[in-house]
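Same chain, two partners: chain A is paired with chain B first, then with chain C.
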Partner chain A sequence: MMEPLLEVRNLRKYFPVRGGFFRSLLSRRQMWVKAVDDVSFHVMPGEIFGLAGESGCGKTTTGKTILKLIEPTAGEVIFDGTEIFNLPPQELKPFRRRMQIIYQDPYESLNPRMNVFDIISEGIDIHELAGSTSEKEELVASALEMVELTPPEEFIFRYPHELSGGQRQRVCIARALVLNPEFIVADEPVSMLDVSIRASILKLMLKWKEESEISYLFITHDLAVARHMCDRIGIMYLGKIVEMGDIDRIIETPRHPYTQALMAAVPVPDPTAERTKVMITGEVPTPIEPPSGCRFHPRCPYAKEICKRETPGLVEVERDHVVACHQLEHSIHL
Partner chain B sequence: MALKRRLTDWRNRLVSSAFIFRHNRAGVIGLVIVLFFISMAIFAPFIAPFNPYERIDRSLLPPGGVYLLGTNDMGQDIFSELIWGARVSLSIGFTVALVVMFIGTTVGVVAGYTGGLVDEVLMRFADIILVLPSIPLMILIAAIMGRHNFYVMILALSVVGWGGLARMVRAVTLSLKERTFVEAARALGASGGHIMAKHILPNTAPLILSSVIYQAVGAMMAEAGLAFLGLGDPTAKSWGMMLHYAQTAGGWWGANGNPMWNWIIPPGLCIALVVLGLMLVGQAVEEIVNPRLRRRR
Partner chain C sequence: MPLLHIDHLKTYYKTLRGDVKAVDGVTLDVEKGEALGLAGESGCGKTTLALSVIRLLPDNGRIVGGSVFFDSTDITKLDSETYRKEYRWKRMSMVFQGAMNALTPVYRVGDQIAEAILCHEEVEEDEARGRARELLGLVGVDPERASSYPHELSGGMRQRVMIAMALANNPEFIIADEPITALDVIVQAQVLHVINDLRRKLGLTMMLITHDLSVIAETCDGAAIMYAGKLVERGTVIDIFKRPLHPYTQGLVGSFPSIRGARKEMESIPGSPPNLLQPPPGCRFHPRCPHAMDICSREEPPLVEVEPGHLAACWLCEGG
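This part shows the complex of A and B:
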């Protein structure tokens, strides 16, 4: 049995809500946004683990908290056998090289006053990966070649405003890749790009997974992309994972009503195709005071009394497929 | 190769900024005025016909002849005093602006980025500086530390000036540190110092530039004020110092009861012109930095 590269255990991130002055007079109680509430999963070496869900369900917060870019409230993250949340900054630094992140918005994630060379070589300088200037130039050039910004000398001295969105995203990826990481959090890396550019970037990510055994935490709201990319997936709703397991099993036989609703919302090219319809109504409730019991119960077509009272735990329904739902017998008939 | 490319980058940016600047007529006029006085300050020994610290003739001579603006009560050439005065006034103005820039940006960036207790302490200092009336404070500092000293003057003016800049830089830092590229740098493993130096500071630079020009204006006015009140360094003649002597040594009455305009007007006019020039340049720079202020043409 292989050891997981990354293991997340009971991760929680609560953000304090700052009420107005008058509200603080009325009630003493501190309110919290439970952005990530008791999330556990693992990522195997060379695996792409997906996190999917609606906007605001805590996918991005989970990704950033794992890298300790946001201070966690509770829980632990074990990377290659070491718990990283309690490490002092100096000991965390080598893990920063091994765990990288690609952001969603390539227009925000590059410093407008640095050129491509400075952006990519920054990590090399921080971790002292190059012995000489020429070695550094070589590393930067090879990173640019990896993301197919060729010839490198044409891009190396450009500033972000001189690049297109797709090129910027490639620079962001090169900045992460130059450190030779083992694990990358990809936070919706293609959702802001043209469809034409998406495919080539996704293809590159898959190539590095095969060639360099890079593992990804792939955050997305697009189940079609998730199916193309991921080996396993977790479906998040209001800060909790409601269903998790092998991507094909979850896409083909989703068991949680929420996953089923998500699947029903994916457009199908054939207009005559028969579709199961699980319609959910309403909006995602605010995570400040999430519903009691199962957080999905106000929108769930199968909700019973127990769903309002008790929070369902993740139960294994088949090999590598866990679901958190009290009403599994309903969903199985779909 | 990298260095060469960087130099051309800088040149290109300078050229394009210069292009915008050129289209701002007021800015160009301001720059001409400022450059005129700067060259006057630099070449003072060659331009000034006499040594301004030396008695060369009878006192209170009228303008004209050898002494373009006449002589003062000590028999020194006023025109030479005026030219050398540019040196003292400008160097105080620009030195104070630099010191203020250094203190203000350091305090602002550190307070904004570090946050917490450090932020609280530094900002309370800035608030103290901001709420204290500046003229009495400067007088106090000058009086305590020895009032007839060029460097004490610079210190007093700097201490009074950094509060506003620090607050402004802090505000910009607070918004910059939430930007994704700063978080990306943290993900790379960058230390706080590295992020402040490489990511925050360069992005505050354009803002700092125009405010430093205004700082220089403020410092020169304050210096003139302090010197006029007699708190300047008598061994370094500035325009404010000239006005002070004109006031105390009888410039208003002169030799025969008439005000000596040749003694009073020139230093005042010089101060006004330099301030005007710097303000115009400052506004033009602001326009380059903040494209929203730019008029369409």
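This part shows the complex of A and C:
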């Protein structure tokens, strides 16, 4: 039995809500945004695990908290056998090299005052990976080749404003790859890019998954992209994973009403495709004081009394497919 | 006669570094009752084309050539007062991109819709307000929300308010510029549903601008693809998705992952769109085209009708 590379256990991240002056006079009660609320999953070596959901469901916060870029409220993250949340900073540092992140917006995640060489070599300096300047140059050049920014000499002294969106995102990937990581959090890496560019960036990520056995946590709101990229996926709604498992099983036989609605809402790029629309009404409520019980119950077409009272736990419905729903009977015949 | 006939339209933006040829000789027809999807990557000129039709170009933009016929009248030749009174928002209107920010934050949404009515019709304020409430009902927003301010509404509701506003004076033609971008998937589906529904109920002619081809597959009858200021292909959605002729369209259709059917390899188009200050000579797609020939870098391919109703601008299609 292979050990997971990364295991997340009962992760929670609550942000305090700062009320206005008058509200603080009226009520002493502290309010919280429960961005991530008891989330557990694992990522196997060489696997792409997807986290999907609508904006505000907590998928980005989960990604950042795992890397301890945001302090967790509670929970554990075990990376390659070591619990990293309780490590002192000096001992955490080697793990920082092994776990990298690619951000959503390449227009904001590159320092406009640094050139490509400085951007990529910053991590090499921090982790002291190069003995000499020439070695450093070689590392940067090979990282640029890995992301197909060739010839490297042409890009190495450019500044971000001299690059297109796709090229910028490649620099972001090179910045992560140069440290030879085992795990990368990819936070919506293509959502800001033009469609014709997207496919090439996704292909690049798949290539490095195959060749260097890099595992990814792939955060996305686009299920069609998730299906293309991921091996397993977790569907999040208001800070909780509501359904998780093998990507094909979840896409073909979704069991949670939210997943089903999400799936039905994805537009299909084929004018002759049959369209079945399960419409759910309303929009995601605010995560401040979310609904009781199952958080989806106010929008759920199958909600019953129990859904308002009790939070459903994840139960296994088939191998590698878990669902958190009280009303699983409704979806059996679909 | 099509309802909208765009004829060799050229719209340039003046910048310090020269003219940006955002729309450079586009000819396009929209038939009465048709929903046309206009697709292309950012910067290909699709929004500029729409702003030229509705005549709301920014100060540095101007139409330098060609004409736009709406119901047989060349609206580029009308003086701005006549155009404002008789066409814009009366016979054609637009749902702007980024509805989140297109509403005034300091007025109630009902009053904003009523304002559009009062500008064009001699009616009492009360009647206009009443109609604003009806319009909100039509797009699926509780009419009580007329007295809300934009910040009190969710993104999806604000987008519906924008649609209601575009419908205020019963126009025949609506341009929707990326009406569902920046909304969540489920809300996107809800708003698309509203648009489809209204189209059927009111018999609207529509031009839907988007970068997302799957949205066009879901809502439109016809599709037009733009690249670097030029129209490269025009046909029915079936033509475009099932028998794309232009290599750019083929790449674009192939690069869309689908949630249905077998998982297939995504295609990618190498390179990135050109700078419109100095577009490449000949066919503007030739530097990225897998089938580029000698002629492509020298001469611009004309838009030819390859099969009835299916037009493409590519040397490969010339002569069948």
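Operating definition for what follows: the second predicted complex is superposed on the first by the 326 of 334 C-alpha atoms of A that agree within 3 Å, B and C clash if a C-alpha of one lies under 4 Å from a C-alpha of the other, contacts with A are read in each partner's own complex, and residues count from 1 in each chain.
FYI, a residue touches a chain if its C-beta (ideal position, glycine included) is under 8 Å from a C-beta of that chain, and two chains touch if they have at least 3 such contacts.
As the structure is a prediction and not an experimental result, all values here were calculated from the model.
Asks: Return fit or clash for chain B versus chain C, each positioned on chain A through the superposition.
Replies: Fit - chain B and chain C, as placed by superposing on chain A, sit side by side.
Asks: Touch test for A:N111: chain B only (first), chain C only (second), both, or neither?
Replies: A:N111 contacts chain B only, not chain C.
Asks: Tell me the contact category for A:M2 with respect to chain B and chain C: first, second, both or neither.
Replies: Touch partners of A:M2: none, neither chain B nor chain C.
Asks: Comparing chain B against chain C, which has contacts with more of the residues in chain A?
Replies: It is C that touches the greater number of chain A residues.
Asks: At the Cα centre of chain A, what angle separates the centres of chain B and chain C, to the nearest 10 degrees?
Replies: So the angle at the centre of chain A is 80 degrees.
Asks: Mind working out whether A:R227 is in touch with chain B, chain C, both or neither, as first, second, both or neither?
Replies: A:R227 sits against chain C, while chain B stays out of touch.
Asks: Please give the nearest C-alpha separation between chain B and chain C in the three-chain superposition, to the whole Å.
Replies: Superposed model gives a least chain B-chain C C-alpha distance of 9 Å.
Asks: In their shared complex, at which residues does chain A touch chain B?
Replies: 64, 67, 69, 89, 92-93, 96-97, 100-101, 103, 105, 108-115, 117, 122-123, 126-127, 133, 137, 157, 172, 175, 179
Asks: Could you please specify the touching residues of chain B with respect to chain A in the complex?
Replies: 2, 5, 9, 179-181, 183-191, 194, 198-199, 202-203
Asks: Would you mind writing out the residues of chain C in touch with chain A in their complex?
Replies: 41-42, 154-156, 184-190, 192-193, 211-215, 217-218, 237-238, 241-242, 251-253, 255-261, 263, 266-270, 272-273
Asks: Enumerate the contact residues on chain A facing chain C in the complex.
Replies: Residue positions touching the partner: 54-55, 164-167, 194-200, 202-203, 221-225, 227-228, 251, 261-273, 275, 277, 279-281, 283-284.
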